[in-house]
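Here come two complexes built around subunit A, the first alongside subunit B, the second alongside subunit C.
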Partner chain A sequence: MARGTTAESRTGITRRRFLTAAGAGVAGAALAPLASPWPRVSRAQGAVRLTHGKLVIGIINDQSGVYADLAGLKAVEAVKMAVEDFQKKYGQNAVGGPIEVISADHQNKPDLGSAKAQEFYDRDGASMIVGVDTSSVGLAVANVAAQKRKIHINVGAATSALTNDNCNKYTFHYAYDTVMLANGTATEVTRKIGKNWYIVYPNYAFGQDMNRSFTRAIQKAGGKVLLADATPFPNDDFSTYLIKARGMRPLLNIVGTMHAGQDLVNFVKQYNEFGLRKQGLNLAIGLLFLSDIHSLGVQAYQGTLYTTAWEWSMDRQAREWADRFLARTKVRPTFVMAGDYSATWQYLEAVRRAGTDDSEKVVAALEGYRFSDFFIRNGGIRKQDHLVVHDAYLARVKAPNEVKEPWDYVEIVSKIPAREAFLPLSQSTCKMGA
Partner chain B sequence: MRSRAAGWGLLLAVGLALPWLIYPVLAVDILAWGLFAAAFDILLGCTGLLSFGHAAFFGTGAYAAAVVALRLGVAFPWDAVAGAVAAALLALPLMALSIRRTGISFAMITLAFAQMVFYVANAWRSLTGGENGITGVPRGEVLGWSLSPAVAYYYAAFPLVALGLLLCWRIVRSPFGRVLLAIRENEVRTQSLGYPVSRYKLIATVLSCALSGLAGGVWVLNHGFVALDAVHWTTSGTVVVMVLLGGMATRLGPLVGAALVMLLRDFLSRWTDAWGIATGTIFIAVILVFRQGIVGTLEGLVAGRGGPAAAPAAPPVEEAASGLR
Partner chain C sequence: MENVLLQAFNGLINGAFYALLSLGLAVIFGMLRVLNFMHGALYMLGAFGAYLLTAELGLSFWWALVVSPLAVAAVGFLLERVFLRWLYDLDPLYNLLLTFGLALAIQDGMRLRFGMQGVPYSAPPQLQGALQIGVMFFPTYRLFVLAFSVLVCLGTWWVIERTRVGMVIRAATEKPMLTRALGIDVDRWIPPVFAFGVALAGLAGVLAAPMRNVSPLMGADLIITTFAIVVIGGMGSILGSVVTGFIVGVAAALGAVYYPPIANTLVFILMALVLLLRPQGLFGSAEAG
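Then we have the complex of A and B:
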């Protein structure tokens, strides 16, 4: 576990702080007509009061296992970058004290994640935990957040349970979820490529949820799931399932894998080794990250349609940020890394709006907030279930001859507008207790 | 006699002060693992049986306590006690089969049973939540005191664990425990003296498993969470390391071993994720230099100066291991 103070400032009311506050005040006054009532504007600028004199942000994710590439230490770097950029924009005293970033590896083990979260909130005084890929760990951390009444913004986990059955007042779900993935991919693939599916999914919260969401979306689009098989998690040998798929051939046309990270890479590698594509079995991928394409190369995935929350090359704003990220980390960001940055930024903004790091007030500042940044477009934080809805994208993996520069693997096919991309509020099963 | 009373007083004082010295959640972990290691030592140190599947009983206790606390609303300490009962019920058939063999065969059979328990826990989703585990296990309250603060829970768990530890120590030093020592030293001769050896072994194993289950119950309420790791074989391995590190067949050895492993893990994992390397190195060093573990070696030193040791000495590790034929 790495820990480091990203930036500190222990000045009283210095000239610089005064100027920053004054400058912000002018900017605030200029924006005042846009923002709702008066006290918020004046309070937001400068005078944030922290409970413990400093703000601690924790990031917990898989740094050594199958999901280490899609977020891992690079995502920690993204969070640090967000804090630094935030302090560059609003001054060292942006939230009324130093901001510290701490991180831990949960190794995809829910009990380890839960213990780390407990420690971060209790012992290190973290007021927010971000990240937490792996749905089972995400659910465990969300539970700790509810107990400790501290904020958790989940970026890496896909399970829609976070904003449905397991939702709570202190947990927000950022970037994507299984329903969003199914809405885009399952619908599109069923309509355009084939109707008869064989679903293979990892046997834990994420896979189970993916299987449910995809089955629902496939049936809605007029397709059929012939069979769904659960695999151990993590797993590296998928031959059983691929042989089974071959046996179902005349009827079957889509093999849908719901794996992610290294599991997905192994699956795709073996799918290609078995030569299933040539035998008329198309591959559909539930969740694909840039890092997965990078590790096998575009030819392994060529033509695959999938749904994504964001892609670094999708427009100028995204690319600008990705360039800075590349300079810092030597890789192009996956949407989870970008999401961690964006979530950290929005949290810090909310702390400034609330004028405190007190959970209740920050939750109130986040609920119902509408915003756009380099990552989230047409975004809104739903008050009722804490799902962050925004535009999603249907993407296609390029063929080798279409690749123009390193990391240029993906083409955005179409935009799925925010209100269609996610589960409608009317269907949400979230019951948020006070 | 007076120094003995002073020793107990010191132990009690350390026990009561612990949550103020270190992170209280870690303090409860030390209690739970200490009890687990002490229960495990009834078999390893005193009966000469190396079980490599004790995670099954620790985990069963944890799952059982979680389920009764969450679904039936059973309050502390009865949920933890339910963990002990569940572990004992599971141990009865499994151990009745396992104790037909000794040594390495016994170790492998217990490992096999533990793996079966692991897969059952993984597959029985409706009860255990599979890979996702059981979240939100409530601690509830005792006599109107909420146990939600970690320190409060520590003081609630302390008497329960103390009781468990006293039971372990009492078992070892009772006439029953003497027979177990005799079995460790020479099973055939013990049998020829007229003791029903397998019945003694069964009772010892079931007691050990029940106390492991109790430790699991205390542990799960500490974290409010249990997943497959609790029944994974690495948990069995950890408890073996704790007992060997602290010293087999010593009163405080398992506690010291557990505290050392937990503190090291906690301290080192704040700097690096490779804390296992450091713990492993220390383990190797202790085994090479102090064959009887930390407490065993210290007791030997004290005894060497001040007359014969009161406690029955543990065999050195390699001898115990070679005894596992």
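Then we have the complex of A and C:
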């Protein structure tokens, strides 16, 4: 798949490459004397000088495994759409050369993700890799980015390690992380619904990180975690844990699942089967995507509170974009798909501001940048840890009778302002070497 | 204590799935000497069969319970006639690789058509809700699954132990050459036995659909556990596969209560122990192993 895209775009490039390179050379030479006194002016006119005459953006994500529906090939479309829209807005020469999008499937394997990232940066000349769901793979790609001194903007992975212990100068974390999910869901549910939690989480990097973040947030909100169980991953039967939960009544009131993808669907299906909600055990879900609700139907999730980075129906701006996405892909976007589009767009903007695709300069253009778009609201890219902070939302899954159109599953309950949604800088453990 | 009993009982239900699946595997291995690696994929087809019958044709769960396993049996019959039968004379490894390849092809085919996330399927209205039995409170559907699969296992056992057809199968399983020498056409029984074995997988799939996520990879991990169960029970042993299925179900459930990380590993520890101490399996005769 990746190879096809690359080869196809390459044939067209050789011819154009010469022209654009020549064009950029002339433009660059003409503007060179002006560039130093008035850098802003010359950059705004789009005089970008690309190191290799073209800009290559890679997207790596799960295209065939358990997370394929939350981003996958639809997210690849989102990135392509961002590039096309960008060129529509700023012209074909928006970044001083053609923009190529290449993609690969990491199959949720860190070694494969890391190999693909090396290939993209070294052989295909990618200057930025976006996407990369699955925490373990995200961390692997971030390491490659640091080694190769090339940019990685992670949208799909949840682990907060990307901007803490494992942070690096070339990696940015864009849409959400485990701390944001916990700050929203754990805090709100503890305050409004119940104080005593039973956490069930999958036993790998993501689940363990979620368990830690949730436990911290629950305790801070005055709640208590009675028990936390790590389940094998993957797992298709959770009845044992559900029976355990029943046994913990009447003290227990919240069953919190930190599972994702297929495991989450199994968990929720069996939670409903055991009728726990009727017995006073409410369900809290750590991480929920639109695609999860779509596959099981709203009925299974109705009333569930969770935290999201974005929802397509949340306002006009979001909906307008989602309409165009629907026309193109036949589905409504998850927040990861929207995030991949937005991250690509903001990267391209940064290239224009920097006047080059040189990593050091683009990193400088991204750091400390404040912005809003259809996806990110009140956003800012923290210089110290490269976390993209922005407004997050507490959401509720609608009841079947509230659904007004296809994919209309979610209602935004409240906004969590950017400064409260994420880990405060003072608590970050990120030490970014130069 | 009440909770432990409840957990053990719940383990029986997972055990019922293992029993149905490993029973099918054992029957197939006994008769054909084929390690059917696409068993998990056919289990998945059974579940999707139920989904399609309901979503496309509006048929109820009860129809699906009959029609879907038959459809899976037909698929199995076809695959056996077109692919498997050419490799019986070669090393069993060839058929293992072939069925493994077919499993991947079936799973990927379904993935292309239905995506990864899975499709919704709920229990029939008659079986929704939960029942109070003594001190136990249990989903009605799970009780049905347990009762139904015990009946199917008993039925299969009866056919194999008490009927003439079963006699042929047993004879062909234990001494194929001798059975042939007595003038019994063993080959004639191979396709229907294979179809029956995979129908059991399809049936397990239909039963799983209301409890588990119906998705293309739902059988991919299950098959490994099922093979371990067949090995523990004794390759080709009908009784062994069923009893071990239930034992493993209960052991995994209790494991998850006391030490969750061990739940899915327990079966492999058990397998290692059995292979060390009694290589022919708990119920296998030294010869058949």
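Just so we're on the same page, the second predicted complex is superposed on the first by the 396 of 434 C-alpha atoms of A that agree within 3 Å, B and C clash if a C-alpha of one lies under 4 Å from a C-alpha of the other, contacts with A are read in each partner's own complex, and residues count from 1 in each chain.
Note that a residue touches a chain if its C-beta (ideal position, glycine included) is under 8 Å from a C-beta of that chain, and two chains touch if they have at least 3 such contacts.
Quick caveat: nothing in here was measured; it's all calculated off a predicted structure.
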Clash or fit, subunit B versus subunit C on superposed subunit A: fit
Subunit B versus subunit C as contact partner of A:290, first or second or both or neither: neither
Which partner, subunit B or subunit C, touches more subunit A residues: C
Touched partner set for A:273, first subunit B, second subunit C, both or neither: second
Subunit B versus subunit C as contact partner of A:235, first or second or both or neither: second
First (subunit B), second (subunit C), both or neither touched by A:204: first
Which of subunit B and subunit C A:64 touches, first, second, both or neither: both
Which superposed partner A:139 touches (first subunit B, second subunit C, both, neither): first
Which superposed partner A:300 touches (first subunit B, second subunit C, both, neither): second
Which superposed partner A:351 touches (first subunit B, second subunit C, both, neither): neither
Which superposed partner A:109 touches (first subunit B, second subunit C, both, neither): first
Minimal inter-chain CA distance - subunit C and subunit B, angstrom: 6
Common ground on subunit A, meaning residues reached by subunit C in one complex and by subunit B in the other: 64, 203
Subunit B - residues contacting subunit A, complex: 23, 25, 122, 130-133, 135-136, 148, 150, 223-227, 229-230, 269-273
In the complex with subunit B, residue positions of subunit A that touch it: 1, 3, 63-64, 105, 109-112, 114-115, 118-119, 122-123, 135-136, 139-140, 143-144, 147, 203-205, 233
Subunit A - residues contacting subunit C, complex: 64-69, 72, 203, 229-232, 234-237, 239-241, 243-244, 246-247, 261-262, 265-266, 269-270, 273-275, 291-292, 294-297, 300
Subunit C to subunit A touching residues, read off their complex: 2-3, 6-7, 10-11, 13-14, 108, 111, 115-120, 123, 129-130, 137, 139, 141-142, 210-213, 215, 217-218, 221-222, 253, 256-257, 260-261, 263-265
